[in-house]
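Here it is, the structure, as structure tokens.
Chains here go by letter, A, B, C, D and E, matching the order in which they are written, and residues are numbered from 1 within each.
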Amino acid sequence: MNLSLGHYLVLGAALFLIGLFGALTRRNVIGILMSIELMFNAANINLAAFNHYLHPGGVTGMTAALFVITVAAAEVVVGLALVLTIYRNSATAYVEDFHLLKG
Amino acid sequence: MRMLEHVYLIPLIPLVASFIILLAAPEDPHSPMPLVGIAAIGWCLIQSVAIFYGAVIGSIHIPYQMDWSWFSFGATIGGKPFLYDMPIGVLIDGAAVVMLVVVCLVSFLVQVYSLGYMHGDPHFKRYYAYLSFFTAAMLGLVVSSNLLVTFCCWELVGFSSYILIGFWFERAEPAYAAKKAFITTKLGDLGLYVALLLIFSLVGSFQIPQIAQFVAQGYMPAGAATAIGLGLLCGAAGKSAQFPLFIWLPDAMEGPTPVSALIHAATMVAAGIYLVAKCYFIYAASPIAMFAVAWAGALTALLAATMAVVCYDIKRVLAFSTVSQLGFMMCALGCWGYTAGLFHLTTHAAFKALLFLCAGSVIHAVHTNDMRQMGNLSKKMPFTALATFVGTCAITGIPFLSGWYSKDMILEQVYEYDPHLFFILALSAVLTAFYMFRLVFLTFTGTERDLERYRHAHESPWTMTVPLGILAALSIFSGAYLSHNHLFERLVHFDPPAGLMPRMNVAPPGLGGIVFAAVACAILFSYRLYGRHDFRLAEDLKRRLAPVFNLLERRYYLDDSFLALVDLGDRTAKMAFWIDSEVIDRIFVDGWDLLAQLAAQLGQLFDALFIDRMVDETGGLSVSVGGALRWLIRRGMIQEYLLWTAAVLSTLAFLIAWR
Amino acid sequence: MNILSIITFLPLVGALVILALPKEKERSVQIVALLCSGLSLILSGALFFFFNRQTADMQFVERMPWIPSINVQYFLGVDGLSYPLILLTTLMTFVSLIASLNIKNRIKEYFFWFLILEVGMLGVFASLDLVLFYVFWEITLVPMYFLIGIWGGPKKEYAAIKFFLYTLTGSVFMLLGILAVYFKSSPHTFDLLILLQSHPTWERSFQILIFLAFYLGFAVKVPAFPFHTWLPLAHVEAPTAVSVVLAAVLLKMGVYGIMRVSYGMLPLGFQWFLPYLVIIAVINIIYGALCAMAQTDMKKMVAYSSINHMGYCLLGIAGLTVTGFSGAVLEMVNHGLITGALFLLVGVIYDRTHTRDIGAFGGLAAKVPVYAGLMSLACFASLGLPGLAGFWGELLCFIGAFPRWKLYTGVSVIGLLVTTAFFLRMLEKVFLGPLNEKWKDLADVDARELCALLPLVALTIYLGIYPKPALDLINATVGHMAGLFK
Amino acid sequence: MQNLGLLAPEIALSLLGLGLMLADILAPAKSSKLLYHFAWVAAAVALALIARGLSVSGGLPLPVSGGLWVVDPMSQFFKLAVLLSVIMTVMLCLEYGQLPPAQAGTFCALLIFSTVGMMLLVSATDMLLVFVALELISISSFVLTGFERRNRKSNEGAIKYFLFGAFSSAIMVYGISLYYGATGTTRLVDPQSAGLWLPALQTKSPVFTLAMLFILLGFGFKAAMAPMHFWVPDAYEGAPLPVAAFLSVAPKIATIGVLARVYMVLVPAASLGFTTLLALLAMLTMTVGNTVALFQDNVKRLLAYSSIAQAGYILIGIVAGTALGIQGVLLYSLVYVAMNLGAFAVVQAVGDNGSRDGLGSYELAAFDGLAQRSLSLALFMTAFLLSLAGLPPLAGFIGKFYLFAAALSAGRSASGGISPAVFYGLAVVGVLNSVVSVYYYMKIAYHMFFLPANSGKGERLPSKDGGPLPAALHAGPYLYGCLAVALAGVLYFGIYPDPLIANVQLSVPHLP
Amino acid sequence: MIEAIAFYCMAAVALTGAVMVVTLRNTVHSALALGLSLAGVAGLFACLGADFLFAGQLLIYVGGIAILIIFAVMLLGRASNLHLRQINQQWAAALLVCAITGAGLWRLVGIFRHTSSSAPATATTRSIGLLMLGDYALPFELISLVLLAALLGAVFFSRKDIS
């Protein structure tokens, strides 16, 4: 059997959905962060797969994926720093505990 | 002096005088300012008499008309736009000439009389200002050539009546009576108002000659003429206290008695009659309106007379009598008796003013209106008694007194038109004789029933008796003078357009004699009941006819109907306001409220669906759209935010992908 | 000569000067306010002698581009419809400012807002460009909000926001209407005079829709049933002088708008709406009067009587005759003067007794004769006694409406009776009868109040006896307007 | 490579931002104010460079396109607006007491970096550039939001903002990947021809439309468009006030700029069949913003909801998609900068006055009797609020006027299966919303003018010494300067908007 | 055939890791699973012939981000209580949302079900480098600012108050 673009897209979509589910349900901030990383990865798979199957002449998709990886890294850095600060202030990393601001 | 050319001065001089009196001097019970008013009206009297004299000897030509431009406004009649130049002016015809004399004369005498009657009143000066203002308005009504100006004066007359009835405003009753008078007459004025609108929409002018011409040329549709006629009648019924709007007049007796004499006997209440006469050409074009006038008059004459029979308040008896007599006039007008009606108006002015002033004199002496507390006053105030007797004879129609001429003329005219009406009027005439003599007997003869009051009674000062004398003289002689050589008929007559005059019956000779016989019987009956020292028979009769008496004393429940009407108005008002504040306001202003309630329900729905959320919900249910939307964010949970977002996103993605 | 601009913006200058003055200089603030609005009054009064009464054209026109990109102009001008209202505005503002001299707290802000309000009102009547018109229209809202909200009665906040929201709801639809008209016209323009002539090419359904949008804006202001419920509340809560301006001028903006914009620009829509308009007018007249009758609060009663009187204006307009239009304009002016006086008078007694309950008084005429006299005069003028100004406006409205709406006019005459009834009842309960001992030390009107009242009373009498000056201003314009509708 | 000279302002600003970091190290902690001055000077320099660029090439630079970015009047317009808002924000920071002075350099640098991101964002015509620029803005904003490190509200606002931001950028990236799949490039314009490049075959393909939907939501996050608005009130309330002011203005209009470029010009929403969708979102945005704002007692939060609603109004112009719509969007964006920043400035003057704990002083109750404490501040606030509500003669009115006009004109010329009712309905919902908005704007006015300064209404935190609040309220010169600029804009553009409109109109025909 | 086996293996690794990330109670384990999943994705990149990307993924993601996260989780220590459930109560709703999204995405998959590639895998590093310094120079430079900003932020949050 031959692998089609569909296979990769299914995989990407599955990863995206798992990430989405995690982002919506994990109680821990870091858990959410990790889930979001999964969503980024889903996008990266898409980019690479599209590049390979549909636009094999260029490398735009892969380059874009690299940019995404970098940006994701930057986000994680800030996010973790933030989580640590909050943890220092209020000793919790569960998002349910963040409800000072509401309404 | 060119009296006629300066006839416009007649209303203006009292008007100016009124303002001078009102503004030029401070309030003072002994103010000399009334002399200004008397002087003004004196001048008017001289001028009026001069015009009258000129008209009688034919040295001046009537009708006389003179107009000035007042203001203008755009109008469209029959699709044709034009700038209507509203004139203000005078129109002096025979009726106006006579009315001028009547009004000026009575006004003059009443003002002189009031010097005595009102002397020492804290608002003495103001009283004269009001009187002068009234006179001005009334004279304006008489001389105006413009129906709208007439209406304006008509309203101002009503206003003067309001302030004069309520002159002693510190007491509650006059205040109430004044209001009642104004509102009741205003009710009638609505008809007049609509009639005016109708006239203008058809004719495009308020000028009486132009309207007359319009009618004469046959442009006026019969239906419109009827409507206008009825509208005018409505107004006249209010002002002239015709059935069923006469309820205000008895109450109006709360005002000072000279005021009653002037306004509610001689002049203002005659304005309605005068108005019908002034617009007689319209009635001529509408048999229905004519018919209505006749019957309204006849009914009024009878009903008022019956009510007078049971009344003990001397002024109210006179008031009912006035109403009844006005009914005579109205009926006469309704029976093509233009001359007869106005003739009676003229003579009635004299003797009714006389009677009121006499009553005033009596009240001045005994300080009560109740005839049951009087009696035998002829001993104390013979002149007044004599004057009253003269007046009573005149109104009763004792031959060769003024009332006899005019009433006879009416009865004849009415009989010729419609015998049914004649019988009603004849009956009224008989009743009139009865209750008027009842008044005389109760007041001036018999025994003194209230010794305290009797002891203090005294004859009035000359300022009051002199006018009485003059009026008494007029009551005796005016009829003879005016009917001599058909003087009045020559002066005041209406020429019906050809073919409009209905076929008439011929009055049998001796009709007057039969009526007089009946009247004489009534007088005797009255003497039998009230002329002696004991009233047993009267009491007995009263007991036997209790339901009838009751009905009459309650004034046929018309007052109650009026009150019920007022009450209905109040209720309607309250209901309207309730609707306003509870319904319309709710819907249209606090429409948000409605939305909010809906939203609250929505919020409840949410909670029902996500029942576990309710556990956390500490605050009450949200109360608006915003509340419902806010529900999404109320807990401040980031993942809930994400969920909502993702839900919308997923739905949209699904829809767009598969569309 | 930019005379109209000067008249309109003089109060703005005053407002800015007041803003620059320190809070403590209360006397100067008052003087500046009176000076500016007085000057505006004098100038607008001076126009009376230069106003050409023979033409229906706009006069004293000022026109310059304002936002040329979308063809918005700064376009002012007056004709017989707007000039009387401008005169009324300057007069009533001046009078109200005099009456406001007894305001004790936050004087600077008060006069500032009041002058801004005057700018808005004058601008509405003077502007001939729809955008400009709308701008001025909205400018009136804000000062009113503050004037009611800060210096008002117990429920002032609610009244203020109710007034604001209610009026704004109406006017935003007007804004949409303005835009729709703009895009409909070709070339696109907001020029009212051009728009007044371009309607023949607009289809009926469009006109009806746009008419409704405009009507919503105007009807709220009039206020026409059923959009009137803000009015009693606003009036009752507003301070005296604000009530005066509200009744005397702001309500007129609605009627003016209907006459100027809706009628001329959207004849088909207007025609479509006519049967409803006349019914609304009748409801306004009778219902307003009935509601007034149910009141025990004098101010509220007068407020409802305003609804009743605005009904006459609407009736006159619905007649579609030149007489009706004259009547509507005249009634606007007269009602302004009379109701202004009534509110001032109610304010006078409220200042002294802190109650407006009709039942709380009795027999005051003996105690305060001048006040009683003035009040009676104003009441009788309001109920349409001939010889006072109110009569003529009503009469002309009725005459104008009668040919087309015989039945409705006939019915609405009942309004006259009810009006009489409640005014007389009020007079009876407050002034007549035995004196209520509680008020035996009541003082009569003082000089300031008299200063504010006398011009109104004098004009009421003058116009009642001799309405020619007012009618001459109006005639040419309304004649032209009525001719439009063929 | 394209002419880098066109990017001179951005480059200069980045360099100055780097310089700021260096200066932070060198400058002593005491003179932190100096860094703020450095920052606004940097922004002013960029501003001047843009202005110079506009003036040398005969008023307007020719649009350069076909690459990753364009420099055209529209982009320059937005850049000017962004820079203006940055300068005003720095002015606010100068008066704000809650920022740690030691970290002024970090703060300013982040501010400048995010500004660079915005400037590139409005110029971008490439999805990748858009994404990176957006991330630059986001990451800087996250940090800025949490800048009051010891304040738990600030922390919480930052983390919520961060999570929401990361989540939506993940979705957006997924969208970009689909976009790449559908088109084979990340460009929004055709590299070969300088004109509009619309992958004609692709617009109806689900891949492309889904991509555009995901990207739209990514933009929606920054522009605070419902249903991506949830973070807004929390982040604004938590953020230091100048940051909240900045966030409510600069990123929002920059995103609006790119949104307009993408969905009006490059890939018109109508061609995607997104018109109804966008209209619905616009209505939802307005309604959410306005109705929820009715309930707010915290002024920062209230203004946050108000800014959501404002975004909804701007969306009307984008939905209309006509030239008039673009004009409206541009116009409103600039006007919005002035009025919203002005409003926030007053809030800062009131809320930051005296109390160091930063809690509760942004409650509505803090505005009680402001008119008596400082009439000028109250009047300033009133002007800004009324402008936000869209009342003439203030600038907000002109903006709304244009937007509603755009909707109506779009409705008149609606074609291609789109019902005109969509546009008319949008206009009607818009005006109704502006009525609703008056209610809460006037609620602030109610507190300022109607209530006495020391009324017991609403609990107010006592000041440190427990005494009553100071009778008079004084704000510093920078704040007043900021207010004056804002008011000048609000009044000038309201009364005489023609110069602005003329410029806005000029920018329309130059769009690629 | 080998490609297919490699794909399925890597896909299994990536998906299993991903599911573990979102389901495991212990956050440390989750973080480890994340590393696994990311590695799987890296393998997929390799399958696609994206050599540079494969390297980048391994270096940055697996070697950088995943490790960083593990460190952070360790630092939080007590926060990863094992006895607490790590999935909140809205999981059902979330599942529904995911299902709907999935249904939408399924349409896309359907379009490309039979798209296959015959292009041979080539070395991409050079091309990527050229692209980054050519067309994508601007975003490339901008990325540095992004990283700088992230760095500033991280430093700011982590350092102790000077006062």
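In this text, a residue touches a chain if its C-beta (ideal position, glycine included) is under 8 Å from a C-beta of that chain, and two chains touch if they have at least 3 such contacts.
Every value quoted in this text rests on a predicted model; they were computed, and no experiment measured them.
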If we look at subunit B and subunit E, which chains touch each of them?
A, D
Quick check on the contact network: minimum steps from subunit A to subunit D?
1
Please state which pair of chains has more C-beta contact pairs than any other pair.
A-E
Taking each chain's centre as the mean of its CA atoms, which one is farthest from the centre of subunit A?
B
From the Cα centroids, identify the chain that ends up most central relative to all protein Cα atoms.
C
Furthest chain, CA centroid comparison against subunit E:
B
Distance between the CA centroids of subunit C and subunit E (whole Å) is 70
How many angstrom lie between the CA centroids of subunit B and subunit C, rounded to a whole number?
35
Taking each chain's centre as the mean of its CA atoms, subunit C sits from subunit D at a distance in Å of 42
Counting in whole Å, what is the centre-to-centre distance of subunit A and subunit C, each centre being its mean C-alpha position?
65
Which residue numbers or ranges of subunit D touch two or more of the other chains?
128, 132, 135, 139, 142-143, 146, 149-150, 159-160, 163, 167, 171, 178, 206, 210, 233-234, 295
Within subunit E, the set of residues that touch 2 or more other chains is 88, 90, 93-94, 97-98, 101, 104-105, 107-108, 136, 139, 143, 146, 149-150, 153, 156-157
Of all residues in subunit A, the ones touching two or more other chains
16, 19-20, 23-25, 32-33, 44, 51, 54, 58, 60, 67, 71, 74-75, 78, 82-83, 85, 95-96, 98-103
Every chain pair in contact, whichever chains are involved
A-B, A-D, A-E, B-C, B-D, B-E, C-D, D-E
Give the list of subunit D residues in touch with subunit C in this complex.
371-372, 375, 379, 382, 386, 391-393, 397-398, 401, 404-405, 408-409, 412, 427-428, 431-432, 434-435, 438-439, 442, 445-446, 449-450, 496-498, 501-502, 505
Show me the residue ranges of subunit A that touch subunit B in the complex, using the header's touch definition.
20, 23-25, 32, 95-96, 98-103
Within the complex, subunit D is touched by subunit E residues 104-105, 107-108, 111, 134-139, 142-143, 145-146, 148-150, 152-153, 155-157, 161-163
Note: in the complex, subunit E contacts subunit A through residues 1, 3-4, 7, 11, 14-15, 18-19, 21-22, 27, 30-31, 34, 37-38, 41, 44-45, 48-50, 52-53, 56-57, 60-61, 64-65, 68-69, 72-73, 75-76, 78-80, 84-88, 90-91, 93-95, 97-98, 101-102, 105-106, 108-110, 112-117, 119, 124, 127-128, 131-132, 136, 139-140, 143, 146-147, 149-151, 153-154, 156-158
Give every residue of subunit E touching subunit B within the complex, in rising order.
88-90, 93-94, 97-98, 100-101, 103-105, 107-108
